[in-house]
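Next up is a structure, given as structure tokens.
Labels run A, B, C, D and E following the written order; every chain starts at residue 1.
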Amino acid sequence: MTTTGQPRLLGTDKPPTLVSRLMDNRWAGLAGLLVAVLAPFVIATPYALSVMTSAAIFVMLAAGLNIVVGYCGLLDLGYVAFFAVGAYTAGVLTTRVGLPLLATVPAVLVVTVIAGVVIGAPTLRLRSDYLAIVTLGFGEIIRITANNLDVTGGPSGIYGIPSLTANPVVFYYVTVAVVALAVLGAARLGRSRMGRAWRFIREDEDAAEAMGVHTYKVKLAAYIAGAVWGGLAGVLFAAHLSAISPTSFTFLQSALVLMAVVLGGMGSIPGVVVGAVVISLLPEFLRDLADYRFFLFGVLLIVVMLVRPQGLWPARSKEALK
Amino acid sequence: MSLLEVEDLRLRFGGLLAIDGLSFSVEEGEIVSVIGPNGAGKTSAFNCVTGFYRASSGRLALRGENLLGLRPSAVAARGIARTFQNLRLFGELSVLDNVRAGAHLWLRQGILDALLHTPRYRRSERECTEQAHHWLDFVGLRGDRYGAARNLPYGEQRRAEIARALARRPDLLLLDEPAAGLNQGEKAEMLDLIRRVQGLGIAIVLIEHDMGLVMDVSERVVVLNFGQKIADGRPDDVRKDPAVIAAYLGSEAHA
Amino acid sequence: MLELRDLDVHYDGVHALRGLSLTVGPGEIVALLGNNGAGKTTTLSAASGLVRPSGGAVTFDGRDITREKAHKIAALGLVHVPEGRRVFSTLTVHENLQLGGYLVRDHAEIRRRVDRVYDVMPRLAERRAQQGGTLSGGEQQLLAIGRAMVTGPRLLLLDEPSMGLAPLIVASVMETIAQINAEGTSVLLVEQNAVAALKIAHRGYVMENGACVLQGSAAELREDTRVAEAYLGG
Amino acid sequence: MTQLVWNGLFVGSFYALVALGYSMVYGIIKLLNFAHGDLYMLGAFVGFAILGAAGGVSPAMTLPVLLAVLVATMAGTGLAGVALERIAYRPLRHAPRLSLLITAVGASFALEYGMRAGAGADPRVYPVRLDGASFEVLGARVTLQQLVLIGLAVVLMAGLNLLVTRTREGRAMRAIALDPRTSRLMGIDVDAVISRTFFIGSALAGAAGVMAGAYYGKIDFLMGFLIGLKAFTAAVIGGIGNIPGTMLGGLLLGLLESFGTFWLGGEWRDVFAFGVLILFLTVRPTGLLGERVVERV
Amino acid sequence: GGASDSDKQAGPIVLGMLIPQSGSEAAIGPYMSNAAQLAIDEINAKGGVLGRKLELKTADDACDAQSASAGANKLVTEGVAVSVGGYCSGATLPTLPIFGKAGIPMIIPAANSQELVDQKLKHVFLINGTGSQQAAAAQKWIAKQGGTRAVLMHDNTSYSKDIALRTKELLGAQAVAVEAVTPKESDYSANVTNVLSHKPDFVYWTGYFQEGGLIIRQLRQAGYKGSIMVGDGSVSPKLAEIAGASTAEGVYATMTQTPDTIQGASGWIDAYKKKFGSEPGPYSNQSYDAVRLAAEAITKAGGTDGAKVISALEAMDGFQMFSGPLKFTPEHTLASGGFQILVVKDGAFALQDPLT
């Protein structure tokens, strides 16, 4: 939609408040990390650890998709494809070839970059709506292929993937460390020359071209970055669950990651982290409601969005805080 | 060798020949105005030069180097910057970020620099911001440069767009109706701004309907009508050209 | 006919109108002058319901329309031609014009008005099947004005109608505005081309910082030295 | 061969019917209405409830009764769509457009699992069946019911096409899609037009739901999910917001699935269908009949 | 689990059950949990196990690895003594190490893919017939019926695909095609056309009744006159309802013994209906048996210690279940699948041939 008469939250010239300063500099990140690090001291049941590890992985996914959707404005409805490619590459190489998990990382990087190029190159010229359907299609193609092939274990998937460590607490901390680095990396990319170019493209491709931004290459870069983040998250996922199957990589998963990004606040790193945590933990908190779980989840999503239309923690331009 | 050479350019939209054998050239540091009735093909000519439209035939060269068939970003990389007739700022981004876009081509900073926050990254970011402020000062932007660009009043958005183009540090600047929506006082400022840009050694091609400004500032005026050049010369000569008066100025408009 | 009283408009953090008052009488052309950012566009938007004033009142024909919705206001005959043309980009010229007649139920009447626009603006007639978005800047401006003419307004708010028009066309558009006015439509005209505007206007206001600082008849304003300096080019 | 074509066309006409509503809604407010497929599901259940309440239906009366149920259901889902827009979408008119995506997914969850809580997870079986003898046309096996359903779908679609291309209402819809703010200045009641669009789109989905229920016989609370995705696909392929394009998109998807199954087998069907669609879009990036949007700079 | 026995000694013994309650397989969950609850209520009415009451805790696995893993961890945290759930193989696989690490025995009522036992985990027991057992039964019956051109249809999930492919292997040349369908759709005419193009005389559907009903109906509408058989996932009264009673008439099924076919078990169905207001469905009887088996093993072990319960399960011989007297193979699968052939008669499944 085009602009409207309603004033928006973005880019105000209000003087920075203490809160906004606390919210948007590195303190927010450190505080978040601290919460993640201390959480196991408060509650360390296997269940809590498992859920928190999954949430952390989900944060990484959301941070990756945020590069594509939040920064660059490319609607990707099949992001889970990269997640699947990462998880399956790690899974196949560990169980079929016998590589240790860490040794699969370089391979995963290569494969996800290739996947990013293969999916992105022919399609990034498309307008956003068409891009959405094409990414959705690729997501489905990857999942169905995994479901049909033998190396990927068919419908029941791959099991017995070795974890990095037998101790779930240690694995949790490893995950948190990796995810923290990934989030920091995404944030830093967002504040760089490349990150600005992404945003220029999101706002106006023609104007960006006129300023010398090779929109096609820069979009592809966003796509590849997103793919790498997704792929690495896939490795963590495979290690965490020890078994992966096509049902983990459905369209619904893509939609959930996208929701995390939007719910938190597109383009805003703290927002995306919060969004991902909410989306992954909310269903767990609602678990005891059994039949009403997803009904309530749906209603809550609507309510949250109505209350905070720009997302829980919307992006503000860096300048707005000066 | 001229800075910009346009030779026998043709552009067709279906049955409409929007540009019909247009030729003109721009010398280093020169200010050339392109005028003509609405729909004469002025903006289309800009779009051809900057790669947004692909001319059906003709020759386009910057310092002898071919521009035809390049994508807009490649043209920009050769040293041409432009503004748009229907403003094309990055609306949700801050004014400052908009001007930073101009720095995209000369900012030396790799992905690794950004990930590791190397000194090079810090230096280039600082320079980028300083430059952005510099150009905003240069164009005399009055509005809030930290707020979203789309909240600026129209006239200020024009200025911000020029600042963005200047931050590109071009050799040739194409301005599409920079004075539209400005009142007399502001037009005087615009005139001054254009002169100062020229003072930096940047050549300018200007599309403008305000004859006062055109006559004051240009060294040469090119007149288009129905996609064809009907006059090319010094402002005073063009102003008296009967063909130009009939097609464009009207008998009383140059008052 | 239109009265704005003590209008205040706030955008998030910006106080754009500060107690602005002005009136437009029946049959009048009123010019509204002012620097960039003075609040001219905001004034028109407040009158046409595109922005909600935070204080003050807007009355049209004695009726309070301060909180009325934009489309209702348009239905009352108060029609706003917005800044920046805003033609419907993928609709053809003809469809754009027909949309102007959205509120007119009588097909024959719409056709009559559209034809009238084609008469006054032959360029649009040539381009009737072209998509609005591909017109040149000036052509789009004509289309925006023509579209407003089809609505059959009783009061027309024009935001910089001469922007991007060639000198010859400016003259003819101003004539058209005077003509529409002569046929009974009041006009509130925001113009940077003060010379042209004051030529056809009956009265005028000068805005600064969200409020009117000067008002008078067109002739008075033309004589005023401050106006002459800032808006008429000395 | 003709059988494959016929299969594809028949399924495709369902896709098209659902896709039309999707396309209209997407066309006007650029919303990926994830809940659209669930309105199809809702339609199937509303029809089921009405039929159940009406008691037994004599076989001779099946078609007229179904038609009446169809109309009632369309009204019901239409209103549900309007309510959905009012509650979950309208307040976000000025938010970034992806924000709507969240409420749409939320609404989808709420509808699906609300229905599950209300009607149970078990599939339900429609009390009437459009059973009938089949006959051969050019080597394809065709039933009268199929013809009636396709006929109904075509009528609904043609009416809609007339509405959008020929009437002021349709012009208003297209104008709102391009620029809601300026549309208001033209006197268009943007909210009302959007509401009506939702009504029509949702009613069509509801109609498809009843038709599917009566034809296939089985309904369940998740039945809208897959078809929602397919409708979205069809809408995009056809050229978003373009009614004939959307119809063609639906039919094309149906045909691709039919032939994909035949050539590569069921497990590779969607890979084939999506693969062809992706290839197609890279060659023709505006869909089948999508307007070539010439962006001027 | 084994660890927390001492402090839980007095409270109820908790059995955990992972089932799909949301997502595409959500319809199955209640069939399983209801039946398990029925068994628990019956046992509690008789005084419970070792003087303690049984309690059921369910968790949603959404048929998805991540939900399943979270759910399993939740059950572990809640101190379940035995896991009696597991439906989707893909979602059950990641839960094996979770329960394993906590020393909790798993009696898996539904999921039955070979991968579950491939790892030779001591704590994993399958009480559903395996794919190869069912495939063997299917092959036997097809041969007995004189089928020479069989087409196998599956829904591309591991369970169904496994049975179809094993049957194909056993049939050899008599299997002319395998057709995969996409579950959760309504229109299978493209698949049906495919199937018919092979001119089959026997069609075997190994997926669930939702699609099964539609497929039977669409096969018949397309003029198919040959035999149709379905796998155990399709054995539900809903199958005939969806297909249309007359259409489903004469459809065979491979199935372990069901309440309908076991002497004197009709009371069980009535009890189920009375309690839950609906018919039992797929895996209801296995779930019921899983709970009873768990109770028996705990009784035999004299407590909830995981290792002892596992030994008790391994030693189990002749415990009466729906599928017949129980004995585990060294692989921890049923020694005899006990598959029989049912047939739809007057809209309900009846025993056709015990295949003994």
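Basically, a contact is a pair of C-beta atoms (placed from the backbone, for glycine too) under 8 Å apart; a residue touches a chain by one contact, two chains touch by 3 or more.
Keep in mind the model is a prediction, meaning the values are calculated, not measured.
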According to the touch definition, list the chains common to the neighbour sets of chain D and chain E.
A
Quick one: how many steps at least from chain C to chain D, stepping chain to touching chain?
1
With contacts counted as C-beta pairs, which pair of chains has the highest total?
A-D
Between chain B and chain D, tell me the centre distance in angstrom, where each centre is the average of that chain's C-alpha atoms.
48
Can you give the whole-Å distance between the Cα centres of chain B and chain E?
73
For chain A and chain E, let me know how many angstrom lie between their CA-based centres, rounded off.
36
Counting only residues that touch at least two other chains, what does the list for chain C look like?
11, 13-14, 50, 134
Residues of chain A touching 2+ other chains?
3, 5, 8, 12-13, 147-148, 206, 210, 291, 293-294
Contacts with two or more other chains, residues of chain B listed in rising order:
52, 84, 86, 88, 147, 151
The chain E residues in contact with chain A across the complex are 21-23, 58-60, 63-66, 69-71, 73-74, 76-78, 88-91, 93-94, 96-98, 102, 113, 115, 119, 156-158, 161
Mind listing the chain C positions that touch chain D in their complex?
48-50, 69-72, 74-75, 79-82, 86, 88-91, 95, 98-100, 102-103, 131, 133-134, 147, 151
Residue numbers of chain D touching chain A in their complex, please.
26, 29-30, 32, 34, 87-88, 91-99, 101-103, 105-114, 116-117, 178-181, 229, 232-233, 236-237, 240, 267-268, 270-271, 274-275, 277-278, 281-282, 285-287, 293, 295, 297
Which residues of chain D touch chain E once you look at their complex with the stated criterion?
3-4, 7-8, 10-11, 14, 113, 116, 120-123, 125, 129, 131, 134, 141, 143, 212, 216-218, 220-223, 225-227, 257-258, 261-262, 265-267, 269-270
For chain C, which residues count as touching chain B in their complex?
11, 13-14, 33-38, 41, 83-85, 123, 134-139, 141-142, 160, 163-171, 192, 194, 229-234
